[in-house]
Structure formats: C-alpha cells, structure tokens
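These notes open a run of structures that come right after.
Below, chain A partners chain B and then partners chain C, in two separate complexes.
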Partner chain A sequence: MALPLPRGLTPSEVSFLCEMELVTVTPRQRLEGLALLGGPIKPLNPPHRASLPLWLALLLKRQRRANILPPPWLSPHSLTAILDHETEYADAFSPPPRLPPQPSSNTLPFSPPFLLGATADAAPDALPYHWLELGEMLLEAASDDFEDPDNVRKLLRGLREVRMAKLRTNVEKLDAGGGVKMNGIGGLEVGEGRAFVTGVIDGLRKIAASQEQQRKDRDRYEGTGDNYDDDEMEMDT
Partner chain B sequence: MSLPQQIRSRGAHAPGATFLAYTPNGKKLVTAGVDSFCRIFSTGSDEEPINVDDCQENNTAVVAGNGFFIAGSEDGTVSKYSLENNKFEEILVRTSLPVRDVALSPDGNWIAVASDELSVKVVNVKDMMQVRTLRNQPRGVKHVAFDRSGTRLAVSCTDGHIYMYSLDSDEPEMIRKVDDMIKSLDPETESSSKVLWHPDGRAFATPTAGREMQVMSTSDWERQRTFKTGHSADITAAAWSPNGAFLATTSSDLNLCLWDAKSQKLLKKYDDMKATILAMAWHPTENILSYTNAEGELYIHTDFVPGEHASSLQKSTQPAPFFHDPSEGRAGNVPAKVANGARLDLPERQARQRDGTPDSLDDLLGPAMDDDDDEDMGGFVVDDDGAGYAAVNGNGKRTSGHLSTLDNMDSKRRAYGQSFEPKTHEFFQPGSTPWRGNRRFLCSSLTGYVWTQSQEGGHHTVTVKFYDEQTHRNFHFTDPFLYDKACLNENGTLFSCQPNDGNTAMIYYRPHETWTSRTDWRTNLPSGESVTAIALSNSYVVVTTSTNYVRIYSLYGLPIRVYRQKASPAVTCAAWRDYILTVGNGPVGGDGRCQLLYTIENVKRDEVYQSEDIVALAPNSTLASVLFSEEGDPYIYDSTGVLLTLLHWRNSGQARWVPMLDTKCLSRLAGGAKDETYWPVAVGQDTDGKPHFHCMILKGQDKTPYWPVPPLSEFELEIPLSSAVDKKKEMEKDADAMEEDDEDPSKKGQSKQAKFEQELILSSTLHTQLASTLAHVRPSTIQKQALTELEVKIDRALLQLLGLECLAGEDRGMKALEIVTLMHDANGKMLDLAAKVAARYGRDVLGEKIRELAERKLVGLDAEDD
Partner chain C sequence: MSYYDVDAILTDAQKVPCTFELTVPGLGYIEGNMGGDMKQGSKVELPLWLGEMLALSQSLNTSSLVTLDPPAALAPRVLNALKADPRTVDLRALAPHFYNLGARILELFEEEEMIEILSETFKARAAVIADQAHNPRGALGEGADFMRGLEENERQLFRAAHESAKSVRAWMADLKK
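== the complex of A and B ==
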C-alpha cells in the first residue's frame, strides 16, 4: 500500500458514502429534471417537496435554491427519547429503523444504505445507519432549517458520547469467543471504532497466541518433563 | 395642575425600604418598613397614624384585605394583623430565607409568598394548613401577582423568566414560562420585575430590560403595545389605575410618570422626587396615588391625575392596550355583523363592567359626594364576615358577586325572552387568520402567502412571499387602506379593504411583473357595501359583499357580471378558471343552524352547474375552508379536520360530497403522542400526478399558523376506512410479522388487504372525478393518459385483492368472482391475468368462471346488464 491509511473507511469516506442518502427538500425555484447515473431526478416545482440525494440537496442549499427538511428523528423530541433509551439500556444500542415490508414479487435487496432513512417520512424513533454524519452535515449546511439547531447539536453530541462509550466498554467482552451485539450501530461509528476494536482483538489474539505458544512450550516441556521427572525420580531414588 | 406643597411627606418609618397597601375599600392605608411597627393611615385625614407594634423588623412586603393586613419580613415570617383592634394575630407562613413579596388574591382568601427559597407558597389566609407549593422555577422569586380572577399567579423569578401558574385545581399547574420579558434581577435590588395584571384580565405589563413597560396578552402570549417610558434607570415600581385607564411608573432616576393606557402617551411627569419610590398604590376609587420611598417617607398624592384627564378615572374598566383587540371580531371584519344572532364566542371575552350613565347623579355631584359618603356613612355596612358584599365597585354600587346563584340570570332571561334565534355561519376568507399580536395572514396558497403587519401610526405593511423565488420576486408595500383580505395566484395578487372614514370599500388587483408594464387597478364598491369574501382565478375576480351581491370582474377590472346571491348572508367564495363557487347561509336545519348552500357556475358559458345545493357538514362542525384543487375540483375542509371533494359536480343534482382525507385518521397521529391540527392550504398534484393535501401543521392548541411560518406539509389523500389506532396496530403487526419471518400470514394478509382496499377506493374515486371532468371539457393527452393510468391502478388493486382471496381458500370464491367483475379491463389483459392468478392458486372452478366472464365481455354481454 502506497498510502499509510488505516484499514477500513476514513470519516471523510464514510460521509462521502452518506451523501447518496435521499433527503427531502422544499425547492425555492424551478429546476428541470436531471438524468443522473444514480437515477433520474424529477423536475423540482416549488413548493412541492422532492427527495434528492444529499450531495445535490447540499449544493442547492448552499446556492439558496432549496430548503432541506430535517428528517423527523433529528427533532429534539425524538433525539431526547433516543438518548433516554441509550442511557437506560447500557448493554445495547437503540434499535435501527424497522425494515419496510418486503415487496411481494421482485425482492430487491433492502439494506440500510438503500433505505429511505433521511427523508421527511422516515421513522421518527430510530437512528438510521448514517445518522451521525448526516446530522453533522445538515447542521453545518442547513442549520437555519432546524427548529432548534443548538439543542439538536447538543443531543447529537450526547448520543455520540454514550454510544462510543458503549462500544468501548463492550470490547471487554470480546475475550475468547465472546460476542458483542452491535445492532443499530452507525456507519461512522463502525469506522471510528474499527481501529480500536481491531487493535484490541489483535492484542487479545497476540496474548492468546503467546498463551498458546506457552502452552505448547509447556506441553513440550511437560512432555520432556516426564522424562525429566523420571530422571529426577530416579535421581531421588 | 397640582401644587407641590399639597403633597407633603409623612415620615412613616426610619430611612430604608418602605412598602404600602390600601385596604380594598380604600379607607385605610398600611405601611411597613424597617421599623418593628406598621402604620395605618386613614384616607382623607391628617391625623397621626395608628401604630401597630409587635411587628417584625425589616418588612419587605405588605398587603391588606378586609379587616386585616399581612406583612412579610426578611426574617422569613409572614404575619397577619387585625385592622379592627390593630393587633398581631398569627404567623401564617415561615420560610427559611427572606421573604421578598406577598400577594393577596382578589377574594382575600389566599396569599402567595415569594422568598429566596426555590418554591412559592400559596397559603389560605383563614386556614394556614391549606398550602399549595409552586416549584417550577429554578431560582428565588422576586415578585408574585394574582390576576383579577385569582385563578392565575404570575411568578417573576430572579432568572429573568415569568412563570405562570393556574390555580384552578387543587394541584397548581404551570401554564406558561414567559421568556424575554423581564430582566434577571438580584433579589435585593430596588428594581422591579413585577407582573402588573391589567384590570380587564386579558393582559399584563412588566418592566423590561429596556426600561419600558411591555404589555402581553394572556390568550395567545403575544407582545402587545409598549410604554416607552424614557426612564434613565431601572423601573422600581409601576401600577395600573383601578380601571386600567392609566399607568403610573417610576424609577430610580427620581421621575414619576403618568401614562394614558389607550394611547401610551405621557400625560404628566413629576420630576421632583426626593428619593427612589419603591412602592405605589392607587386609591381604589379616588384620584389618589400613594407611594413610599427608600427614605421611609409616605406621600399621599391627591389629584394625581391632572384635571383634564381625571374624568377617565371614573369610567368603567378600560380595555388593555392591544394591537388588535381580540373582542373586535373575527379577522378584523366589520363589527356591525354581530347582528342577527351571530354571537361571537370568544373565550377571552370577560364580563365588562357597565358604563356609567351619562349625566347621572354621581357625575353631576362629582366625587366630592363620595368623600362625604365615605366619611359619614361609609362604615354603615360593615363586612364583618368577609363575604364581600360591602365591597364597592367602580360605579359606587355594591357588587352582586356574593350572590352566586343568580349568575346565570342572563342566560335564563334569554331563554324566556326570545323564542328562537337561528345560528348563521359567519363569513370568512379562506386562508386568512385573525390578528395575533400585530400580524395576520391574509391568504396562503401553493404560490406563496400574504401577510400584513400593523405599524404605529395606523397603517399596515403588506408582504407577499413566493415559494418560487426565481419566477416571482417577493415584495412588500406600505398600506394606508388597511387591506384585510387577499388572494394570491401565479398571475397576480388581489386585495380588498373595508369602508372607513368616508371611503368606500375597495378592490385592488396587482398583477405580478410581466414583459409589459404592470397594469394594477383599483375599483370602489358603492358606499354602504362591505366586502365579505374575495376570490381570484386565472380569468376572473369574484367579490361577495355584505349586500349579498356577487360581483365578477375580469382580470383587467372590467365588471362582467353583478347578481344577488340567493343563499344569504354570503359566507365565502372560491374560483378556478371560469368556475365560481359561492357559499351562503340557507334555511335553518334541524339543529337550529343555517344550512350552508353552495352554487357552482361557469362564468364564460353562463351556465349554473349546481344551484343552492347543500354543503354537507358533520354535526356541530363548521366550514373551515373552500378551495379548488389544481385540477379544478371543488374541495372543502371542515372544522373536524375532514377534507371532502364534490363528485359529479358538473351534473345538476348529481353532486355528492366524498371524504378524501380525515386528518384525525392520519397514521402520524396514531401513537397519540402528537397533538396537532392542520391548516388547509391547497390540494395539488405532485410530479407523478398523485393528488396531495397541502397544509401547515399547527402544534398544540394553536388554531391558526403564526411566525415562524410553518413549512408546507403534504399528505397523500386517504379515504377514511379505518381509524388511526387500527392503522398503528397494523403497522406493528406488519413489523412483528417481518421480525418473525412471516409466521402469521393471515394477519399480514389483513393489513395488505386494507392497503389494497384503500388503493381501490381512492383510485376509483379519482377515476370518477377525472372521467366526469373529461366528459365536459376537451381532454388533453395528459388527462387521457392519467385516466388510463387510474384504470390500470384500479385493476391492479383488484388483482392483488383477488390474489389474497385465492390464497385465503376455496370458500372465498364468490368474493373473488365479485372482485373480477369489478375490473375495468382497460387493456383487455386483466381478465387473462385474473384467470392466471386463479390457476396459480389452483382454484380451477374460479378460473372457469373468469374465463366465462371474459367470453361474455368479448361478445358485448356486460355483466352489468343482468
């Protein structure tokens, strides 16, 4: 590897991936439909709402051509409820949003990046996969579209602290075959925790390996030791 | 003019903070200060005051009731003293920290004690075991104040917020935390943050950090008018005159100002104060203001209100200085419309005291008579049991407040006096809101919204905001005509104003900027005619008036048609292209209300489609809005939150109202956690051609939108088939089924069935609507395509329902066959598909029947014929 980057995704890469999430915008001027690689974008017609990829929404927002509607889970009320849940249950993350009912015939693979977790009709009571990076980006670019941006920022910070602390404390259980339930973890948290968790697991593996080595050594030692003991016995006798 | 030498200082106490209070009958004035005694002065006598000894030192508050007074002290005791024998009676409350203020409820039964402790205690004066504790404020409290009814208590906390409590129930409840009114003050400072309830009970005033007196209404917690006091230091005391006509303020800059409450003008400024005034009290009936200062001196300032204004003091209670008095009527309409029984049921409205008779004996003989009266026979009726019947009201008469059983005299009298009084529906402009503070919406549509703001000096500022800021440019203008109605569409803005000051009512149309210069026009209505509602379409301007005329103009101001509306009085109107919908009051229905009748006509073809047909409303509901959707179908929104459309409205006698959305059944309300209502704006299509209901979400108890302007929300139409709770259950079931890997297919099937049923009925309603439209207009290709799409949608929903029926079992075959007969079979393949579905589930009998049906259709023997 030419670049000395750690394994996994860097935060900027995770937030780049997050930019393909769809968000709901209220356009402030007309815009023709766009034929993009990710799919066609319908013409914008104010004040009708439209769902756009985050990168386009941020672009339009910076040019003051649209207002972004924050998803319902980014309201202080919902975040407070989720934060309460996080602090109440110390051993698990708050559950991820419910999956939509499976389409009957042509079953498309629904997984978190392709779910609509950030549109205005998303579930208000659960954090989607890209919650942290999405929240940060929206607060940075579109804080005037929030009702109470300072409070949201504070709550997001609190949530991040609580969940990272959980991630770190849970690592203790990772000893010898133990597992940690990480349902509902976010993309950035995975990226951030990866270095620490893999480090710990590597360390554990090394310790385990050295223990293994010791055991083997001891086995060998004991294997030879039998003779030695015998010798000793013999010596004693 | 008042001469300075008339006002002499009376040394009441040793130098230091001194406080005073009048008894409710105004005969005695009690002062308390740093000394260990209180003094009782008699009004109108220069005799030495009576001393009440055995008091605490360093008193910080004093209040007086009938026959007793209560003083609070820095040592944390609140003591009650008798005014009959001028002796100490008992200690009512003890606090661990210094008492800062004491307030007595108007009925004299409760006191509220503010101290440096975090909680405020409300204690019964007669039974001190009855204590209520108010704990919502995070810091010590500087002032407390009961409103005139004694049910609300305003707590001015030292953290700079006012906490409003309701004392209606046994458990006091905080109703509002008011921010940004008062300054955060030290508990010991001389400055005041006291809430002064206006005597009319609908508003209060407080000193602000900017040394002004800010009035706030308590119905909507909006800032109202301000007294720009111009004091150069913090306000230390202020008081409304007993009828609310005047406000007196003073500050540590040694000025004492008198303000006219109505105009907020300075009437008189006394700048010869020797020391900072810390407390002031108006005499309950006479033109006397008494005040005590930091030097322990008491001033009894007779003839405080200068001669030319003194008569105002004798008037009954004056209204609080609102921007727009809520009792003026709905949406600023002409108040004369209260006639013919349309009673305004405004909850804010308080019983007003009766105005004094002009040239009555009291007026002619003047207030001197009252003085004598008080001297000679004032003590004749002694209120010895505290029932309040000796209390004298503003007109010098004893109140009937103690006779509680006769309170409902008025309603009884009405019941016997008048036999019958029909209730008419008030007229309204769709989308306009009543004044709230100094702003109101005039209209809102999918193009944008119009609002107006009243300015000082009697004019308004009208602002028009567009959602599409590129196509149109936002504008605002100064409005001397006081426009009170507006309509906005993509071509222009229409305004109307009511007649005033000899000017007649006027219509003003302002097109948006185009390639040519703007040609805005105004037109006046005949005198005596006021506007009840206006509507604007792409080709016409419609005005309904108080004389029941419907006036139709072209977009260039040409009068096209004038006729008298049959259903009257007119309620509202709406317009779309050539179509006009007018609503008026019709004959009285079974519930004593007038039925609403609507008429739809085409102006261009001069053709009436529906004449005097009934607007179907739920019992006890009213019409909230009338609008045409973007496709030109009439919609109404009623006060119960249901959106209805009119099907077959182009065929006379065929029209019927179909509910398209019940906002109470929305799944977002299913949890029960949300308390919100919806302000209808429009019904429009999105890019897929799906109709949506556009509205503003109103949180909590709000009835109308207010600033910041809520963003437009859109909901898909959903014909009410099941209630919100059921939907929630279904969702949960759905989710459970997901998690349990489809263990319970029957339950999942039910929720799916509900979804398909909804799709079926909605699509077929929209199909009917569109088909009847296309039968009357030259259809465009897009419309034809939309119609076919709707047919396919219906068939798809039917096919999915058929699949569910086939899955359910052989015995559901009859229902399955019925589903197949309902199919439109737009492209001729649907019946084949249905047969295939039946074959896939192995329902051979059903498949046979379907094929039979298909054959019959093919030869033209429709199932409908038999």
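== the complex of A and C ==
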C-alpha cells in the first residue's frame, strides 16, 4: 500500500524553497563575504544595496544587521492594480512576470522559480511564482520596512481569496481528459489546490472509465485492422 | 482499485435487482423460501459481485442464469432529479458509494447519458464542496444538509480540500510565532 504521505508539497516545504529567492537588502553593518553552497556572497558595505537569499536576509533582519527592501510589486499601488485585474477577468489569473530576453550564450532555461522575482528591480506589475509565501514572510519579519504594512497585508489576503475562488470554480470546466489553465499561479496556491483538483479529476476519470476503456478497445481494434491491411498490401506487391 | 480497497469491497456488496432466467433447485433460501426452489422469473436483490458473476457466466448452450437491472440508486427518476439540480439530491441515502456503484454499473451497461449526468453532477457538487471546505462555518450552518448528503468519494474530496486549506492557515499562524 502507498505511503500515507500526501502528494505534492506542504506549505512549509514551499516556503523553504521560497527562501532561496534573492531579495535586496541595505546592510546596517559591515559583513565579510560568505562562501555558501549556493554561491559566494560579496562583502556587505553599509550604504550599498546587496542581493541575498531570503533566509540569510531574514536572519540578518532579525539580528538588526540589515533592512530588507520589499520588491516593487509588494506595494499597495501595484497590488491594487493586480487585484483589479484579477476581479475584472474572472476566467484567468493575472499574468506572471514577463520573461527576460533569452541570453544567446546561456542555454540554461529561464522559468519562474529561477527568475529574480523578489529583488528591488523586479517587475512591479506582476506576481512572481512565490508571491504569497514571500509576501507573508516579509510582512511577518520585516513589517517595519514596508510603508503601509497593514494595507499590503489586506491586499494580499484579498488576492489570495480571489485567486483561490477562481481555482475552485475552474473545476466546473474540467472533464476526464481536460485541464485547467493555471498560468501565473503561485507555488503555495499549487500546493493548496492540488489535493482538490486531482481529487476531482480522479473522480471524473473513475466515472468515465468505461467510456475510456471502450475508446481504447476501439482504437486498438482499428489499429490492428490497419496493420492487417498493410500486411496484405505488402503481400500483394 | 486495489485488492484491499475497503471502498471497492463495500461497493461490491451493494445490492442490485436481478431476475432469475432459470429455475434453480434448492436456492429458494435466498428469497426466504427455506428448502424451496428458485423459480424462473423471480426477482431478487443480490450483491453486485454475485449478480455480476451470475449474469456474465454463460453455461454451455443456455442464456445467462440471471439478468441484471440497474439498481434503484441509478433509476431514471434519480437521474432526472440529478439533471434538474445536482445539489439537492441526498446521494448518501441512495448509495454510500454512489459514484463507484455508477462506474461499476457503467462497465456492465452502455449508457452514454448516464456518464454525462454523473460527471456533471460530480463537477457541480465538487464546486460546492470546495466552498464548504474553505468556509468551515458553512458546514455547520446552511450547508449542513448538503454535507450530510455527501457520498464516500465526495467526503474524501472534502477532507482533502479542507486539510490543504487548514495546513496553509496553520503555516501562516506558525510564522507569527
């Protein structure tokens, strides 16, 4: 029998993955460079901004050795615009950040989890893959670095509600072989929606199993029929 | 479906109406007629696994021993009610494993329309289930009747949706510590 572990990632696993995102910090103390597994970190000099992984930034923030600069999309203005877009288009999520132009020499694939979505120069008008986790963690650890943390928190809650409601209503369009368009969905939302969406698809497939079996049988029958014809033709020639 | 799947076993135990096509000596006890014969043409409710076996097995030159009819849970009256409004039907009262039973019956009968109706029902009810799972207060208030009418697959779906919403909420509460 299968392990009782649920499929997919739990929220804490998703947030762990989110902690490797780079964020921009303004250090308040000097710090020597660190050689980390993820790559070396340059020495921190107080007035100059630097990009650090989120986990390190949170640690320094907690020790009051750095301030975190929230990414531009985490401002009340951008979030309001995105929320308006979400409520206006009921059948799609707001689009993910545009991909950067592919560098010709670099053949590494650029996909949302590996893009810089949380630094100070991220796109202000789109939610990156880890938007919800990152927003919640930053609001929790560094709310004094936000201009208007309460408003941002409220907007994030609103966005989450709207998008989860979309994910739920999308299942009415599903069928046994179909899919849901989930462009622009975030990591934590995938984790939260997975159990429900896969459950619905499994149920639908179970109901339509006999139809599927019939179709398979018919295809196989027709497939062998074709082969038979081919054989015969070869024999003729 | 796994051999040890309790839900599959319980589905197999659901009764379906069968009509005996032959007289079977000594089988009357199924009808409550001790020691008597099972008369040709008598209607008996048999478990799905037994009815299916008897209906599909063919002896040498006769037709099959019994004929199966769709169970009452999948009668046209129920299907019409589902077509009208899937949300108000109490599936649990009809059959605790309604969709599993439907899937098994569809293996035996070819009914395109039933597949259509069951799929639409499942989708419409799944949307309500998801809403209920995310608003736990609704499950106790106005949604209580609907929740009581969920069959086994739907309960699992509710549990899965509820668990994932709960774990996200727990994670957010954990951050604040």
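The rule we apply is simple: the second predicted complex is superposed on the first by the 205 of 237 C-alpha atoms of A that agree within 3 Å, B and C clash if a C-alpha of one lies under 4 Å from a C-alpha of the other, contacts with A are read in each partner's own complex, and residues count from 1 in each chain.
Please note the rule applied: a contact is a pair of C-beta atoms (placed from the backbone, for glycine too) under 8 Å apart; a residue touches a chain by one contact, two chains touch by 3 or more.
The model shown is predicted, which means the values in this text are computed figures rather than measured ones.
By the touch criterion defined above, A:59 lies against neither chain B nor chain C after alignment on the C-alpha atoms of chain A. Within the superposed three-chain model, A:17 lies out of touch with both chain B and chain C [touch as defined at top].
In the superposed model, A:191 lies in contact with chain C only, and not with chain B.
Using the contact criterion defined above for the overlaid structures, shared-chain residue A:140 touches chain C, although it does not reach chain B. Which of chain B and chain C touches more residues of chain A is settled by the count: it is C.
Looking at the shared chain after the overlay, A:29 reaches chain B, while chain C stays out of its contact range.
Judged by the touch definition given at the top, the superposed model places A:201 against neither chain B nor chain C. Judged by the touch definition given at the top, the superposed model places A:164 against chain C, while chain B stays out of reach. Common to the chain B and chain C interfaces on chain A is no residue.
On chain A, the positions that touch chain C within their shared complex are 1, 6, 10-12, 15, 136-137, 140, 164, 168-169, 171-172, 174-176, 188, 191-196, 199-200, 203-204, 206-211, 213-214. Put simply, chain A touches chain B in their complex at residues 26-30, 42-43, 45-50, 65, 67, 69, 98-99, 101-102.
Against chain A, the residues of chain B that register as touching in their complex are 446, 467-471, 684, 686-687, 692, 694, 711-712, 714, 734-735, 737-738, 748. Chain C makes touch with chain A in their complex at residues 2, 4, 99-100, 102-103, 106-107, 110, 112, 115, 118-119, 122-124, 126-127, 130-131, 133-134, 153, 156-157, 160-161, 163-165, 167-168, 170-172, 174-176.
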